[in-house]
Structure formats: structure tokens, C-alpha cells
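Scrolling down, you'll hit the structures one after another.
Each of the next two complexes has chain A plus one other chain: chain B in the first, chain C in the second.
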Partner chain A sequence: MQKIFKTGLTLVMLLLTMPAMARLSVFACEPEWAALAAELGGERVTGYSATTAKQDPHHIEARPSLIARVRNADLLICSGAELEIGWLPLLLRQAGNAAVMPGRAGYLEAASLVQRLEIPTSVDRSMGDVHAGGNPHVHLDPRHIATIGKALGQRLAELDPAGSAYYQQRQQDFLRRWQQALERWQKQAAPLKGMRVVTHHRDWVYLFNWLGMVTAGTLEPRPGLPTTAGHLVNLKQELARSPAKMIVHAAYQDDRAAQRMSQLSGIPVLELPYTVGGAAKAGDLFSLFDVTLARLLAAAS
Partner chain B sequence: MNWTALDLTILGPAFLAGLLVVATHIPLGQRVLARGIIFLDLAVAQVAGLGLIAAHSLDWEPGAWQVQVVAFATAALSVLFLHWTERRWPQIQEAVIGSLFVLASSGSILLLASNPHAGEHLKGLLIGQILWVNYMQLVPVAILYGLILLQWFGFPQRRSSLPFYLLFALAITASVQLVGVYLVFATLILPALAVRHCKQRALWYGYGIGVVGYGLGLILAALLDLPAGAVIVYTLALIAILIGWFVNRAKD
Partner chain C sequence: MYAKNFLFWTLGLGLLSGAVHAASGGTGFNPGISLIIDGRYGSYANDSDYELPGFMLGGEAGRGEEGYHLGHNELSISANIDDLFFGKFTTAIADHDGETEVELEEAFIETVGLGYGFTAKAGRFFSDIGYLNSQHGHAWDFTDAPLIYRGLFGDQIRDDGLQVSWVAPTSVYLKIGAEGTRGAQYPAGGAAHDGQGAQAMFIKLGGDVGTSHSWQFGLSHWRADVVGRQAGSHSHGGGTATEVPTFSGDSKLNGVDLVWKWAPDGNASQRYLKLQAEYFERDEDGNVELVGSSPLESTSYQGKQKGWYAQAVYQFIPRWRLGLRYDELSADNTGADADVLTEAGLDNEGHTPKRTTLMMDYSRSEYSRIRVQFAEDNSYEDADNILFVQYIMSLGAHGAHQY
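After this line comes the complex of A and B, so read on.
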């Protein structure tokens, strides 16, 4: 009896002391930012990603837990540049957590920290899903990961000052390893320079910009719109004049359009992970780029 | 299991939206079932959705009154048409309703052909986004439903054909935007099916099924981390089967 009582008491004590070792709760819109928070925050942070690598980050299903997680979050990190415009504003409104609203320390928009490509001079509906803030898929240039990582590390220290030394040490360690990897990747990827590739959606521009690759065309006639037969025929004629090496699509995209184009043109299809978790071996940010480059190089040779 | 999502401030607006839909759709649904025009609501809901999408393509804001007027006008036109066909060709009424449903769905797809968010719009129309509802949105719906209930219970003699069809169009135009086509259908038909043999208290059993179905569905969606609308369709079906079985047994 006494033993049970003692165990119970210990449990209660444990529960009471929980807040003392509470971790910083990070809500990421996409897996790449949850992975970055895990690299920089270590055991002082619990991360959660609203979408998985198998889901299109443009869309999301409303689940009660998403609202609860935003409500309890200390920091929200998202790509931004209107990538999540279809669901994040609703989620923020419904959660009503002032700490993570835009403009507050708990809100970090990754795309705003780097130089964005494809910023349109004017936007109207006829252009498809064009983002006024430029192309939002910024994480596929690893140099951006370093820039955003610095900002995220500072933000973590700001929100959890007790751990600032810990965050600084982890950040330095991460950036050092990232720099080494970056040099290795750049050497590895040299043969990819100038290679022409057809993509499904314009979510590879930052990767191609970094490696000097060329977008030979997209399967979507306009961003976000499904492929039409007429567009595929036009693309086929273009590719007959100036050929491409492969057709690339992300793990979360349906590959039917890519396969159809491949049948028409004889160009092979390549699936890339796009983000952390998009392939069995792409479990963190380092392996994401390792797998992406390995697949591109294998397909190019 | 996810206990943090079990929060009244998260589930409260959704539950209140559910209560509003239940309040009007239980009596309407029993009437729909009695008249044998089950798919009327699917067709009218889809036409109201078509009207909403058409209004969107005219660049009006989703909450604007013009959008509501267009949606109700298209829904009202469709019920006037169906009211006419019911008198003209009563034996093929179900076939006409089905055809209207398919035409309205395909019309939405055509209207959204150049919209990159087409998939979301169409899916949102069907499964709804009950969790994104907020209290401010519910105020006009509550007033509208109060008037509908007043008309329904205050003037029972006017439940005949044409006023019924128009009330129905009005109720569905509002509910489709709150909870989506699937939940509208489930709320109308499932409770009505369960209590179809009840002479007395059919209305109260129906209300009971609706309230428990929505409440349980939202709690399960929170605990199991699943999309709320689809879970509620299943809990409504489950409660309807249980209550239907209980009511029929009690009668024997």
C-alpha cells in the first residue's frame, strides 16, 4: 500500500516539475524546417511538421490537432512567400496564439531571409499559382539553409535565453559541418552544370540555380495547373529541337504526367525527394542533398 | 491519442456550427425522406456550390453578400426547376435530380479549369472545413436558421411543396458553406432513416442522433488526429444505427 502511495507521489512530483524542463515547442509548416530546428535545437526543442514529404505543402487537411499544436507553439517556422497561403492564415486565426503571429518573435518566415528568384513584376489570376513574393521553394539551395539556420539559431536563443550557449554551440557545429558538405556537394555536382531538365512544377529553381542547371520546361502549363494534352504536345516539339536529359518530379507529386511525357519524348523520369523524408535514405538535411545529387548524377551518366 | 486537441475553444465553434445545421436539417431531412427525394439535397447543395464558384470567378470576396445572393439564387432556381419536374414527370424525378447533380459537379470543374486551387475548392465544397468556422461567421447563419425554424414550426400548413423546396434551398445554401456537401447529406438523411418508423418523438430522437453524432465525431477527430468532417459522417451513421435498432426493438 505504502509502495503504491510512494510511486503515486513520485509521479505527481514528476508531473509538477515538468514545466521546469519544458522544451521549446517548434511548429514547422514543412519537414525541412522541422529538420533544421532539430539540428539547431537538439534536446531543448520539440519539433512538429504540419506536412510530410509525401504531401503537397500548398494544401492541407484541417485536423483539430493542427490548431492545438499552433496554439501551444513557441515558434512557428514556415517557407512563407505565400506557399502556405491556402491554410496557414486560417490556422493562425483559429489557434489565436499571439506569440506566433506574423511580426512577433515566434514567427519566422524562411523565404524572407534569402534572395528569392522569379519575383513577378505583376501578378494576375491568368498566370496560375504565381506567388507575388517570388518562388517559395527556397530550401533546395543549401546556401539558403545556412543563412536561415543562422536566423533560426538566434531566434531559438531569443525565445529560450537559458539555452543560448547551447544553441550557439550547436549552431556553430552545424554550420561547420554544413560548409564541409557544401564544398563536397559542389565538387560532386560539377558534371551537372548546364544540364537541361524538364520539371513537373517550378519547385527546383533554387537547386538548379545553385548547380547551374537549366529548366527545359515544366509539365504544368502554368504553376499549379494540371497538365493538358496540348501543352504536352507543345513541350514535346520544343524538346525535339533542344533536348533535355531527364524529367524530374518531387516525391509528393503524382508521376502520371511525367510518365506520359516520358512515353511521348523517350526522356527518362527521375523522382527526387524534394524534402526531408521524401526518400527512404533522406532522413535529415544532409542526406536530403546526398540523395538528390546521387540520383541526379546517376541519371545524368 | 492526442489529448491536447481536446480543447473546447478549438472544437467549440465547429460544434456550434454542427448544432445549427442539426437544428434545421433534422426536420427537413425527415420530410425529404417521406417525399422520397433523397438525392434532392445532394443536387441542390452541388448547385449552390456551383453558384459559389461562379461568384468567385467574378472576383467577389467569399464572405460578400453578393456571393450569398448568387448562391441562393442558383439553388432557388434549381429547386423551382425540380418542383416543376416533380409535377410534370413524377415517375422520373430521381433521374432528373441525379442528372442535375452530375451537371452541377461538372460545371464546377469547368468553371475552375484555369484555377490552380481548383482541387482544394472542389474538395472543400464536398468535405467542408468545419474546423475553420469561427463564431462571427455563425451569427448570420443563426439568424437565418431561426427564421427558417420559425416558418417551419410556426406555420406547419405551409410545409407543402413549393415553400418546402424554397426553405430547403435557403437552409442548404448556408449549411454547405459551413460543413460541406457530405455532412449536409449525412445530417439530413441518416437520422431520418433511423427514426423512419417512429410515430411520436421522431423529431427528438433525430435531434439526439445529430447532437451526439457531431459531438462524438469532433472528439474522435481530435483524439485520432483525423479530418473532422469525414469522421462526423461516420459517427452520425454509427449513432443512427444504434438508435434505429433501439427504437425498433422498443416498439416490438
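After this line comes the complex of A and C, so read on.
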């Protein structure tokens, strides 16, 4: 026992004396924010995403590797609005890292920077997993990416003043390219306006709000609750009255509920990446929206 | 016109600032109030008094009640106190022999973001030794504690004192912690050395393997100078129920724990598998008295007790989980007067306590769980078949997804 303690301590000492990394360490709760940090920070930051596109950001555990990552982070960027309420407060409590606590420059909550939709007037658990701060899936409106990108660029410069000119240049470059892409996407997406779509979870309200699309129903009977056979039958009857064009689910959601609904209603299923890494070709923020729009347009025609 | 514009902007700003405030996760409910409602039904095949040969039972240890009964109902209030401190207060409310008892389960403050990986905690808290010990019973995957927790800890070690821990600045998770506590609560006792009777140390290592696997490994040490630790009154071996076996002396405990979790792509909402095992051994040196006997019977006592459990829990479809657990203990205690040891329940009676438990539960949401559990319990020589049906419901603040 004592021997193990000793070896452990020697190991720690060794690691402590290693030269401090010059790069800014960014801990992102979701892949979209890690991608944004990579766009703006370039070679001056190392980004890490706590979740992948295959994981449900609501249901993550405060596992050991995440505590270690938060411990070593200079900047933490998360969606917020209670999306990570089950695990982020626990990570912050356990990591003992003053720099990334709420209120400090090392803590950035993306959802607080933009106007959120679906802010409930009352919250009751019988309504399912409803977030008091509104719908937290804000990144799927690309205009939000620009707003949040500006704030993130400022934070990077604040935390790493030596690179402020570098960050400013990268931010201007990113925002210029993003604006061009935004105009292109808006033109491309014109045929999607008014289209009715069934979704698995209410992940898509910001995308639909941007494109003027309509949520025709959700496979979850209440946000965050698994679907039931009875709910799908009710939904089918609703769709018979006012039809929908497709059933959309995210890469991290099991497609069985969507397939079942498709069998019942004859409406085709479409998987969308939801975030960076959710499809083979959606490797960064630009391609995330390229792939999303291409798939929606292909399914709509 | 100006007034109208002014009103518009003030309202707009007001709404916006309200929205921004609401978004700052978790502060909306200040403090967070959480109520756990736990109810059970228990059925047992045999009626003999429960014992674990070779172990002096105390604390919460026991096989549980029969028929319909309430479990561990607890009310917890917690919040960030300011930018440096977090506080939590938990009371457990339970019926004991027709009387409602309120127990102060936790009352601690803890630093948040102290810096350099340090965290300090003070007050009454569950010790961080082992894996399950620091978790609340309602977060466990089985209705009851592992046998080794029952035999050595009286289900859980909890005391009043101070804990300091440090997370290393490494990419592999490494946490080292130490506790100094009062030593008044089972399995310590007597608050030796002016209320500084027990100490603990722990190391935790952990990480991921790819995106689908994660693990944590822990080493623990706990020791106490025990003065007058009382076991539940014991009538085995011809003694009368008024004789209370009481231990005083040194108690030293070492433990090792391992947890391994798997979920396809790390997405546990569909399927996951959780494997965990813990081993503890305890050495005690002192003497045992049968308080209440006349003339007072006592003996020197060298205790060696150890045990382990291993369990697997598998969520095979959303909401539904299956679990299997195996427990095994052994004790090898010696003393000058073997008869007194036997009366104190410290003779192992040539028996190896074992238990196999099967569990299935259903969670309608993150906040509710209904469980059925069946155990073949060979804690002592009369094998018992135990059935539990249990509900655990969580009201109020969002629970933490602890690893």
C-alpha cells in the first residue's frame, strides 16, 4: 500500500515539473463549441469536447476523465440553459479550478448570449425535461454562432493577451466567411420555408425558426421521455389531419422510434448530424450546416 | 412618443435580463431542495435473528424490515453559498418502532473552485473511501448495501470532521484526499483524542478507454482509535439480550475498488453496462466486553475481517435495467476468552457468509425508479430467500449524474 502511495507521489511530482503548456486549454461541453474554439483559436488553443455527436448532452455522467479535463482547463464553453445541469455543476465542484467558475473570464455560457425560444411560463416535471431557461439547443441557428463567436473571440484574447491580434484576425476572417455562408444557406434553404417536420426531441427549434420550418410534432411524448406506442398512434392521427414531410432525428438518437412512426404514417425518416461530427462529412461548423441543408433539401424534393 | 419608446425599451431590457438570469443553470432554484421518497415491501423465508458470524453488527446494519414499510426518506437542501462555498444539509426521516426519528445525515460546506485542484470540506459527510460509501443509498443499484459494507461500516461510514482533496493536473484523473474526523460514529466510537478519533486517506485514478469505456480505480485507508463501540444487542450463544458487546482498541481498514462502465459510443441513454467490485479488510486490536453481564465478561481481541462484492448492472433497453451481485465475507478473530468472542458474535462459526442478489428496475424518468430484487442470502447458517419491492422517487432539484 505504502509503495503504491510513494510511486503515485513521484509520478505526480514528475508531471508537476513538466513545462506548462503554452496553449490555451478549452473545455467545451458540446462539439459545436469545440469547433468554434478551433475556428477562432487556431494553433493557440487546444480544444476538447466533453461529448460527441453520438452522445445525448442531457445524459452525461461526471466521469473521472471529465473532472481531469475541467481541472486543467483555462476556458470552459457550454450551451448552458440547464442543458448540462446533471453533470456540469458536479464537474465544477469536483475539479477545484478557480479559473473556470461561473462569473470568471474562463466560463462562457453560450445560451445566455442569445435570445432563447420556448422559455416556459411555468415548469413542472410532468411536462418532462423542460428547461426553465428555455430551449438550450441554440447552436442550430447559424446567426447565433456569429454572436457567440464574437464573445468567444473576446474571451480568448482576454485570457491570452499575447495572442489578441492573432485572435482578432482569425475572428474577422471567420465572421466574414460565416456571413458569406449564411447568405448562401438562406438562399439554398428557401424551398424549406413552411415545411412541416416531425422531430424526435425538440433539438431543432432554432434551425426551424431560422428557416421558417414548422415542428409538426415530436416522437417524445414529453421532452426527454422515451416514446410510447400510444403516443405514436395519437401522432399518426394528428398527421393524417395535417401531414408532415419528414421525420427528423439526430445522430445521437436511436432511430427505432422514427422508423416505427415511418411505418405507421408512411412519412420518410431523415437523420441529421445535429452537431459537428454527427455525419461523416460534417467535420466543422460550415460543413455541419452544409450537410444539414443538403439532406433537408434532398428529402424535401 | 418618447414615453412609449422608453416603456418599450425598459420592458425589453427587463425581459432580456430576466431571460439571461434564468439561463444561468441551477441558480433559478436557490437553494435546491430535493426530497427522496423511498418505500418498500420485504419478504423473508426464515424468521431467525439476522447475524453475520465473525462480525459485530452496528450502525444501520440489518436485513431490513418485513412487509410494507418505508425506506430511507430524506430531505436535502443544497446551494452555492457564495462564489467560494457550497453547502448541503440532509435529514433522513424514518420510523423506528412506531416512532418517527429525524436523523441529521449530512451537514457540510465545501469549497468550490478553490484553485490548483484543491477542495476542502467540513461538517458531517460520508467518507470518500471506497466507491459506494460516498453515494446516498437511493443512488445505489441494489436496495441494500453490500455485505461487507453491512459487516464493517454499519452500511456506510459517515462522521463529523474535515476533508481535503486534490486533483492532479494530469490528463489521467488522479485525486488524493485525506479526512480527519471525530470518531464518534460507528464503526468508530467514543470520539477519542478529544474528538479527533478517526482518519482516512484515499486515492482515485480514472479515465476513458476510447469513447465507449470509462473506469475508476480507488485505494482507501481508514483508521480509528475506538472507545466503546457498541454492537446491537445480541442473544446468540445463550447470552441474554441485555448484554451489549462493546469494542475498544485500534481499528485499521484498507480497501480497493474498481468501476468499469461501457456504453455504445458513450451514449448511455440506450444501453449501458456497469461493472463494479470492492474489497475491504480490517484489522482490530483491543478488547471486547459484554456490557450488562454480571460479573463483567471481557476478553482481549484481535480481529481480522475481510470481504468483497462484485456486481454488474445492464440497461438493456431505455428505462429497464438488470443487475446481479455476489457478496462473500470471511472473519478470523482471536482472543483470550473464546466464549466471550462467541457471545459477542465474533466467532465465525465455521461459516463463510455469502449472498447472491438479482435485481430488475424500471425508471419512468430520471426522477423515478421501481425495483424488484431477489436475494439468496447465506449470511449465516440458515439460508434465507429475500424479496424486496421498492420505489425511489426524487422531487425537486435536478439530481447530479455522479459517476
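The criterion applied here is as follows: the second predicted complex is superposed on the first by the 277 of 301 C-alpha atoms of A that agree within 3 Å, B and C clash if a C-alpha of one lies under 4 Å from a C-alpha of the other, contacts with A are read in each partner's own complex, and residues count from 1 in each chain.
Following the convention adopted for this analysis, contacts are C-beta pairs under 8 Å (C-beta built on N, C-alpha and C of every residue); 3 or more make two chains touch, one makes a residue touch a chain.
Computed from a prediction, not measured in an experiment: that's the story for all the values here.
Trainee: State whether chain B and chain C clash or fit side by side on chain A once the two structures are superposed.
Mentor: In the arrangement built by aligning on chain A, the partners chain C and chain B clash.
Trainee: Considering only touches as defined above, state whether A:G86 meets chain B (first), chain C (second), both or neither.
Mentor: Both partners, chain B and chain C.
Trainee: Pick one for A:G224: touches chain B only (first), chain C only (second), both, or neither.
Mentor: After superposition on chain A, A:G224 lies in contact with both partners, chain B and chain C.
Trainee: A:A62 contacts which: chain B (first), chain C (second), both, neither?
Mentor: In the superposed model, A:A62 contacts both chain B and chain C.
Trainee: Thinking of the overlay built on chain A, is A:G277 touched by chain B (first), by chain C (second), by both, or by neither?
Mentor: neither
Trainee: Once chain A of both complexes is superposed, is A:G133 in touch with chain B (first), chain C (second), both, or neither?
Mentor: Once the two structures are laid over each other on A, A:G133 reaches chain C alone.
Trainee: Quick one: classify A:Q94 as touching chain B (first), chain C (second), both or neither.
Mentor: both
Trainee: Looking at chain A, which partner touches more of its residues: chain C or chain B?
Mentor: Of chain B and chain C, more residues of chain A lie in contact with C.
Trainee: Now for A:R71: first (chain B), second (chain C), both, or neither, which partner does it touch?
Mentor: In the superposed model, A:R71 contacts both chain B and chain C.
Trainee: Would you mind listing the overlap between the chain B footprint and the chain C footprint on chain A?
Mentor: Touching chain B in the first complex and chain C in the second, residues 59, 61-65, 67-69, 71-72, 86, 90, 93-94, 96, 125, 128-129, 224-225 of chain A appear in both lists.
Trainee: Mind pulling up the chain C residues that touch chain A in the complex?
Mentor: 16, 19-20, 22-26, 28, 83, 86, 110-119, 165-176, 203-208, 211, 214-216, 219, 221, 254, 261, 265-270, 318-319, 364-367, 395, 398-403
Trainee: Can you name the residues of chain A that touch chain B in the complex?
Mentor: Going through chain A, the ones touching chain B are 59, 61-65, 67-69, 71-72, 86, 90, 93-94, 96, 125-126, 128-129, 222-225.
Trainee: Okay, in this complex, where on chain B does chain A touch?
Mentor: Touching chain A: residues 2, 4-7, 9-11, 114-117, 119-120, 129-132, 134, 218, 221-222, 225-228 of chain B.
Trainee: Can you name the residues of chain A that touch chain C in the complex?
Mentor: 1, 4-5, 8, 12, 15-16, 51-52, 54-56, 59-65, 67-69, 71-72, 80-82, 84-90, 92-104, 109, 111-112, 115-116, 119, 125, 128-129, 132-134, 224-226, 252, 254
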